[in-house]
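There are two complexes below, and they share chain A, which is joined by chain B in the first and by chain C in the second.
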Partner chain A sequence: MTRAAIIVCWVMAIGLALFLIIPLLVIAAASFSPTPVFDLPLTGASTRWYGRIGRLDGFWPSLLLSLQIALLSTVISLVCGTLAAIAIARGKLPGAGIFATALVSPLMMPGLVLGIALLQGFRAVGFTAPWATLLVAHLVITLPYVARTMISGLARFDFTLIEAARTLGCSYPGSVLRVMVPALAPSFLIAGIFSFLASFDNYPVSIFLADVRTKTLPIRMLQYIEEAPDPTLAALSTLILAGTVILLFVSDRVVGLHRMAGTSD
Partner chain B sequence: MSESSPHLVVRGVSKRYGPTTVLDHIDLTIRRGELVTLLGPSGCGKTTLLRAIAGLAQPDTGKVELAGRDITHVPPHKRNVGVVFQSYALFPHLTVAGNVAFGLKVRGMARREIDVAVDRALSLVKLGHLASRRISALSGGQQQRVALARAIAVEPDVLLFDEALSALDRKLREEMQVELRRLLQEVKATAIFVTHDQDEALTMSDRVAVMNKGRIEQLAEPRELYLRPASLFALNFVGLSTRISGTVLSADNGKVDVETKVGRLSALGNFQAGSPVIVAARPEQLRIGGEDETNSASGRVRSVVFQGSRTLVEVDAGAGESLLAELSGRDGAIPGVHDEIRLSWPVAETFAFPMEAQA
Partner chain C sequence: MTEAALSAPVAAPAVDRERLTAVGFVLPSFVIIAGVFALPLMLLLGVSFVDANGLTIANYKRLLGTPYYLWVIWNSLRLGLLTTIIAFLISYPAAFALARARGPLRSVLLATLFLPLAASVIVKAFAWTILLRSDGIVNETLMALGIIEDPIRMIFTETALIVGAVNIFLPFMILPIYAIVAQLDSRYAEAAATLGASPVVTFFRVILPLTLPGIIAGVALVFSLSVSAYVVPTLLIGEKYPTLATTIAKAYLLAREPGFGAAAGVVLLAIAIAVVALSARLSREPK
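Right, the complex of A and B next:
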């Protein structure tokens, strides 16, 4: 590569990284703003907006609902998605490729389309309980993340490892637990994190299924910003951001992000 | 138990996958401390037989006994076998020592004893200094040794090698063959190798079982297998040979005279007059020139291949038959391509086999 080309690529890499990170820094800064209207330059710092998060109208039920739905749909997706991925990855299922595409297809669907389709579909079969419909809808959102990650993780998994463990004195279920689960731990973790985050911040699907008493956090947040746009929302966003960073940091400590990204061993 | 008593007994084991018979009433008895190779082309059933012994494949009929115990219906984790897989199947989430310790931990051995056993197994394969390495940081040859150490550490009643050396490059493989044999004899292991590599089979084993189509065609010591192949398949699969088809003219007490397109030849074998046969000899038995009391044939040299310590000469004997001679460096003059030469070989080293449809 010529020198000029290298410089262009470097500028691109650094520029894009800044482009992605600066909005996050701005919202973090805004959350500490002493005045209700965020203004640069900063004239001091205040944490009073953080104190107000808990007093937002309907905040706690929405947070609880979002956490419940995200956790439950992730756990269910991990179990069901992994079993389905095993069937596909072992390759003996006729038409495995078609099933794999079908499992991953919601990823390529616009959320709005998915939301309307689910709403109409649920209505048609008379399934209208808001909490349950939300959970099922979020399974549709999270399953593709799990399926995609687990299919590629399992494709690289050598099932001879299970046979090796068995001949070394491990029962079949023991071999799965002692060998397959730890060997696939990075895949499980990355599938779980993506699935959880996809569910936790989903708006376009949830909006069609929520009702007055069953509002997920993203829906509630959009409502706040329409009603009273003060730094409380920035504080909440910063907390969510911090939570995500901690989640990723801990995962990195546990299995290593380089293994999660599959870039090296 | 004495050295010569049966240690592993396979009796009448059959296995079918759908319409295909993979194992066809296999009988095999292995003594304690013996190194036996199952040799054959892919699809001959050798790996399935190994898996049946390991408990990873359930035979349809027959029995497997190991160390005086009927293990036919015992699951693999209670068989006390050690398997070295072709892919090594090392656990990527564990270190070298973690892999070797796996079988011992599962057996509930005390930590101190595990450490001792792991050290011993790793020093046997000369990898003591890499105990805390990650598996992915090892070379292919080192991974192979870890797999071996892991299998040996549990002190199995029998060690099973499924094409365990085939992933190594040629030079390393040949070194490992010799080293592995020495190591297994040192720890007095009973072992079965599965391979399609005849050199590996001849180098490593006390006895070789040549397998074809789910059957054992011949079970013999390497030397006997090479010098006295029991079937045309065994002859073809192990080593090179000259093969000429013909018809038996007369038979006399284990010896037959055969009319072939290159002339009349004598061979060892029991056949009735008129039987179609293949007459065969090993290439190193063929010599340039004619002598009395020997078989001989002449033709034009088609190719000369120099292979270091030996030179292979292929002779077109006419009528679609060819002769293969192996001349050692001490044999003097090597003929040139297109030379007309006469080759002769002793009757006592010439064998007749029944003509097979596929040959």
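Right, the complex of A and C next:
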């Protein structure tokens, strides 16, 4: 590459990094605003907004609901998605390629369309309990993330290792537990984190299944922002961001972000 | 199955059992995808052809036959196109720098991609409403620098919408491109240069075709995400830029017109499927 092209590439990369990170820094700074109008804490910081998060209308039930749905749907998807990925990777399944595409396809579908389709579908069969419909709906949101990560993770796994362990005297469940599970741990972690975050952050599907008493945290947050935005929301957003940073930091220590970039294609 | 049975009759039961196990393994996922994804989408297609008087194409006539709704569809496409083009123009050169970065610099750059990717869309859109307010940080900074005298109106404009959408969907563009660029063998470009190709020719004849799979993946992903975005237009521009997504939400949550909302959903779905099909076709085509 010519020198000029290299300079352009670096300017773009650094500009892009700043552009992506600035909104996150601003929201963290605004959460310490000394006044109720999102001032940057240049003249003195205040932590009072953090104390007010818990007093937001309906905050605790919504947080609890979002955590329950995200955790449960992730666990169920990890089990179902991994089993399916094993069957696909072992190549004994007729039509495995088509099924692998079908498993990942909800990722490319507009969330809002999935939301109204599920609303119609659940109504048609008389399944209207909000908590249960949210959980079932979030399985479709989380399963593609798990399937995608586990299929590419298993493509690199050598199944003869299980046979080798059995030849050496391991039982079948024992060899799966002691050979396959450790080898796939990084994929599990990546799949779990992305699936949890996809569910925890989902708005377009949940909005059609929630009711007045059963609202997930993103639905509440959008409502707060539209009604009366104040730095309390910036404080809440900062806490959610901090949680995300910790998740990413832990996964970087365990697997490395570079590997996550490789699996995301 | 028949082939295996003919060539090795003794092995047939074992093959059958392996197949049965494989089918058992995919069954839970199959039930989820078929029951909670494929069937509801088919039902939605059915609902879009129904109104209070029974079977009808009135919903599609209203959507595709009135200037207002054609404008709404154009708004969605315009949001998708502008976001995709701008995100591509930033991401493509940046991916080359990212691929050359090593050590701590690479970790920092990758972290600036992954953190926003993992961060909540609502949090990011909210951050842009703070940044772009008339008493917000962008205006204050521009005034402090003496670039403008009075605050300019940014929030609830198309500029705010596009800036926010590009910001939120950028990681989906650069990551697939980076994954390809990082594997690019620099010897191809060197070979082209040795054979007398100018840098411009090398770029268009060697580098661009080799990185095309990443570009197709990124463009398809960003377009299908931004064309159907809901949170971003709702918070950054609001009522005056209605899109297919906001029309769907309105039809279901306010107007109680499921048939019309379903028709709008089917149109949005058709756009998404067209993009996926086109990108799959393009990336399969021989060079």
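Remarks
Following the convention adopted for this analysis, the second predicted complex is superposed on the first by the 252 of 265 C-alpha atoms of A that agree within 3 Å, B and C clash if a C-alpha of one lies under 4 Å from a C-alpha of the other, contacts with A are read in each partner's own complex, and residues count from 1 in each chain.
Going forward, contacts are C-beta pairs under 8 Å (C-beta built on N, C-alpha and C of every residue); 3 or more make two chains touch, one makes a residue touch a chain.
Quick caveat, the model's predicted, so the values are computed rather than measured.
By the touch criterion defined above, A:211 lies against neither chain B nor chain C after alignment on the C-alpha atoms of chain A. Once chain A of one complex is fitted onto chain A of the other, the partner contacts of A:57 are absent, as it touches neither chain B nor chain C.
Measured by the number of chain A residues touched, the leading partner among chain B and chain C is C. Of the two partner chains, chain C is the only one that A:244 touches; chain B does not reach it. In the superposed model, A:227 makes contact with neither chain B nor chain C. Comparing the two complexes, residues 265 of chain A contact chain B in one case and chain C in the other.
Taken together, the chain C residues at the contact with chain A in this complex read 15, 18-19, 21-23, 25-26, 28-30, 32-33, 36-41, 43-44, 47, 90-91, 93-94, 96-98, 100-101, 106-116, 118-124, 126-131, 133, 135-137, 167, 170-171, 174-176, 178-180, 182, 189, 199, 214, 217, 220-221, 224, 227-228, 230-231, 234-235, 245, 248-249, 252-253, 258, 261-262, 265-266, 268-269, 272, 275-276. Every residue of chain B that touches chain A in the complex is listed here, in rising order: 54-56, 75-83, 85, 87, 89-93, 102-103, 106-107, 134, 136, 150-151, 154. Every residue of chain A that touches chain B in the complex is listed here, in rising order: 158, 160-161, 163-172, 174-175, 178-179, 182-183, 185, 265.
Per the touch definition, chain A reaches chain C in the complex via residues 1-2, 5-6, 8-10, 12-17, 19-24, 26-27, 30, 37-38, 40, 79-81, 83-84, 86-88, 90, 92-94, 99, 102-103, 105-106, 108-114, 116-122, 124, 136-137, 139-140, 143, 147, 193-194, 197, 200-201, 203-204, 207-208, 218, 221-222, 225-226, 229, 233-234, 237, 240-241, 244-245, 247-248, 252, 257-258, 260-262, 264-265.
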